[in-house]
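Some structures are shown below for you to check.
Each of the two complexes below includes chain A, the first together with chain B, the second together with chain C.
And now, the complex of A and B:
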């Protein structure tokens, strides 16, 4: 006979742990954002919504938000394209396909600092491989500093982060591809549909649910990326790569304005939560339609 | 399904590009780590090393703090992995194999935890840890790593648990076996690949964590690779040989782990993704 309290006993350790380590600090972040604490550990006064007013009236917040949107959109575009190509290849049968499906993830399982060293070196002007290759191919005239200008810094960071994350996206898409029944392709082939038509009429539409899930998960994951940006550019040059997580870190631990940083992070969390709720609603509605 | 010659060529070309994209950067770094310093910064880079030296690895392991970071990273990652599995397994079993009021709402609440930027809880967590005397301890890193790995770990177990036929449990229940016994003696062996993939995920999450480790650890002898190594980048006049050797050394443990159980990890990642 199953005990009615048993399921709770099973989930309780995980739940209590998450509540203590994530839930409770989250509430504290809200409380902190209503005070005027500067340095960690110092006392503050209750100031109501003053921090929020200051943050929302500050151009730095809005510029960081805009950069975060550019960052998320850029990553989504590059990763989806690269992953779609890779997933279509890995969905074929060939000798060694299982090895390929496993090791494609290599860039994702190493510490960010390794990714940072790899690309700083490959892109450096002394000994890096990329500059000579691009010069040889005629793309550029002479070696360029990829992190030196505002536009190229953001683009380079998006490409590096996509290099790291597209294998993850690939495996998700691959899971969606393997769920498409092979008979559909057979039938289309018998009807004389070419490769392009089979992709646009079968693969693409049937991949939509997977792409939707990925859009939501990927947006949340890439929005929160901090370390690769911090270690490569620290938000520079001239704040060109300062996304919201970088702004929060900078305000709290370099500017010593903890409460203000807490206010930015509360606003950020509300934005992400609104997005997550809206997206899951849309997915539920989408599922109901099918 | 047979492919035409043209299709085979396209496939081979695509595979080649993909392999180059993923593996070539690692090859350049690994081969660079055994080149002499002057070959590393040569204007025209070499694909295959023309020189061979172990001087960068010697420096890394004898005169830098890298060995300490390596041990710390391993300790934190192993402890995080064990704790994540211990918490995720019973929770996932309850969520996906039992029925109880509030199940769906609690599950959603756990998944929501995944949506928050880590930096949001970093500030208050620092305060909590300092009140508990845990700042600058490796335990604080384990606690944080487990909290951030747990939601995804529970979600990952789903498809593995779903693949076990209900009849197996029901038969054991009729025989009067307690649920804990069923979980440990029957379910655990059946979902071993799922547990392995959760373990790999928790290990990697901890192995790569930078943000919390950079704030919660103060003294050099407790630093993990991501933070300690980032410090080496700034500390020396850019010594590429040392950095390349370090990058290579930091990659080897996860490559070994992946060679053993990578297959299941990839299965766990992709199986869960569909629903």
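And now, the complex of A and C:
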């Protein structure tokens, strides 16, 4: 009996902590979403599921959800490609590789607000460096506003956010690469396998567990990114970069509809929980297959 | 004898008790975060606290970005300030949660003594009360370089036609004739509204609280703005105030609409007061006078404690005394404009080195500010939805439909009307 209860005793402190810092606020959000509170601090009435009906019947929610999916997919694609390339290079032995492995994390450790200021300045048409470089290189005829059109704003945001986060992904992939036994590559070389074949038959399959974990964690992290988007575009132009976190903030603190924002938060949480459960099951199935 | 001794002892105890009485503590929240403004505020508070040992005023600087959420939450939790800086739409938010105390008597007294500029008081007078004490004013003006206009052979524009012609002439050699923002942000609300007030479209509400945005004057104002905006830098749809000032300081933009450029021009550009030009915002061709948007910043009383209210009134009275007031305004020289008649003549204001250097520009700014209006606060009636309309930047959002999505001005204004009506319906 004592042995059976012992594991629960070990995890109990963590569960209590999680219940306090996650469970209680989530319950509060659910309760808030069932009222009609406007300004933070004001009183509200119980309105049942009216806020959920309003949110789900509002095109802005669905458009923001779609943008969030584009945002997550764009970040996943760009970060994975950039990080995989960087990790493969840093996994080689060449002079200065240790320094390069240290330097690459710089972009990740720089505070968000500094990243935003740097990129705003670089992309500015008043003294920024990127427009003149692109004009000189013949890529564009005249300076462009990177955040001025719907298409370029989302693309530019994804590239900037990926620039910030790909060092983290690189380090994770590098850790995955170092766990692949060198003997496998040696044997493949002896069998006459070229670089492409070694990558597709050894590196890529053996990196799958790392990529799967990164996919799950990266999706959850990307979905919730607010700071970079808010500071660079505030969801504009014309709502082109208004993802769900931005919509929640705008609804709560600019529209003064706190309960409606809570309803969007609860729906978003449910979506992310469903994704996390499905991904965890997929990872468990993948593990069992191995 | 014993009785006398007892009475003397009692008197001594009482006087000691008075001497040891706790001073009244006031917490002041303002949103003037730059260090030099905080420092100037502290100097003023130290001076007041020294002269009034029974009162201690301490400042807690906040940010405009957070205070809309933070102040109501703090008031609700009982940790709010006793005095809170405000702008008109923020006042409606705080009033909506019953966190503001009317200051009718104090304002009447101060008005009799100093004479408030009516335009600065109007946005705080509604529902039979005055809800804040005006503290300083800010008004949008047109900024340019005299030398650039002279080189292009043009006069300072007074009408929209002249303005467009001037901007086209100044658009040469890789320079932009004008820098107008198109971001969904407060700065764009302000610049667009500066066009609206110059074409008779100042009111966005009818008397009954319904929205009165979609009208020919508004459409014409948006069209004129969009036409000029085409001559602005391509990244202007993501601009805030800083980018516009940077564009002007680097001479990339020939003209901009801004509250002030004096500090930037003085520290990062030519710093030549003779060349820096400022004028009223040009008006529509069929209008006679120029108007502008002005933001009268004020101070709300947010304590319900009688002793604190008295102490706060004493502090506000002291702050608006001419010898003090000028130093308060020049915490940011050339930006904050006086809201009182004697403040506008105070030596403490005009003797500031920066104000002295750019005296003619500041005089023009003060004159412009007297013709200032603010959306939602023009009819003498204030409706609760203005806070949300302002916070959600619907005026700027309407412009983005034209500049970013390529809609016609008429369609965009129609959508803007619908959006404002939707927000009003939810309030």
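The rule is short, and it goes like this: the second predicted complex is superposed on the first by the 272 of 290 C-alpha atoms of A that agree within 3 Å, B and C clash if a C-alpha of one lies under 4 Å from a C-alpha of the other, contacts with A are read in each partner's own complex, and residues count from 1 in each chain.
Please note the rule applied: a residue touches a chain if its C-beta (ideal position, glycine included) is under 8 Å from a C-beta of that chain, and two chains touch if they have at least 3 such contacts.
Fair warning: this is a prediction, and the values are worked out from it, not measured in the lab.
**Student:** Once the shared chain is lined up, is A:14 touching chain B (first), chain C (second), both, or neither of them?
**Tutor:** After superposing on A, A:14 lies in contact with chain B but is clear of chain C.
**Student:** Please work out whether A:254 is in contact with chain B alone, chain C alone, both, or neither, and reply first, second, both or neither.
**Tutor:** So A:254 only meets chain C here.
**Student:** So in the superposed three-chain picture, is A:52 touching just chain B, just chain C, both, or none of them (first/second/both/neither)?
**Tutor:** Touch partners of A:52: none, neither chain B nor chain C.
**Student:** In the superposed arrangement, does A:126 touch chain B (first), chain C (second), both or neither?
**Tutor:** The answer is both, since A:126 touches chain B and chain C.
**Student:** Please indicate which partner A:224 is in contact with in the superposed arrangement: first for chain B, second for chain C, both, or neither.
**Tutor:** A:224 sits against chain B, while chain C stays out of touch.
**Student:** Going by the contact rule set out at the top, does A:199 touch chain B (first), chain C (second), both, or neither?
**Tutor:** Neither: A:199 stays clear of chain B and chain C.
**Student:** Applying the touch criterion given at the start, work out whether A:144 contacts chain B, chain C, both or neither, answering first, second, both or neither.
**Tutor:** second
**Student:** Could you let me know whether more residues of chain A are touched by chain B or by chain C?
**Tutor:** So, of the two partners, B touches more residues of chain A.
**Student:** Would you sort A:40 into first (chain B), second (chain C), both or neither based on which partner it touches?
**Tutor:** In the superposition, A:40 touches chain B and chain C alike.
**Student:** Which chain A residues contact chain B in one complex and chain C in the other?
**Tutor:** In chain A, positions 40-41, 126-127, 252-253 sit in both the chain B and chain C interfaces.
**Student:** Taking the touch rule as given, give the residues of chain C at its contact with chain A in the complex, in rising order.
**Tutor:** 68-69, 72-77, 93, 96-97, 182-185, 233-238, 243, 246-247, 250, 252-253, 387-388, 391-393, 397, 400-401, 403-405, 423, 426-427
**Student:** What residues on chain A touch chain C, complex-wise?
**Tutor:** 38-42, 123-127, 142-150, 153, 232-238, 240, 250, 252-257
**Student:** What does chain A use to touch chain B in their complex?
**Tutor:** Within the complex, chain A touches chain B at residues 2-4, 6-8, 10-11, 13-15, 17-18, 21-26, 28-29, 32, 40-41, 85-86, 88-89, 92-94, 98, 100-114, 116-119, 121-122, 126-129, 132, 163, 167-168, 171-172, 174-176, 178-179, 182, 185, 210, 213, 220, 223-224, 226-227, 230-231, 244-245, 248-249, 252-253, 258, 261-262, 265-266, 268-269, 272-273, 276.
**Student:** Applying the document's contact rule, which stretches of chain B touch chain A when the two form their complex?
**Tutor:** 1, 3, 11, 14-15, 18-19, 21-23, 25-26, 28-29, 32, 40-45, 87-88, 90-91, 93-95, 98-100, 103, 106, 110, 112-128, 130, 143-144, 146-147, 150-151, 154, 173, 179, 204, 207-208, 210-211, 215, 225-226, 229-230, 233, 240, 243-244, 246-247, 250-251, 254-255, 258, 262-263, 266, 269-271, 273-274
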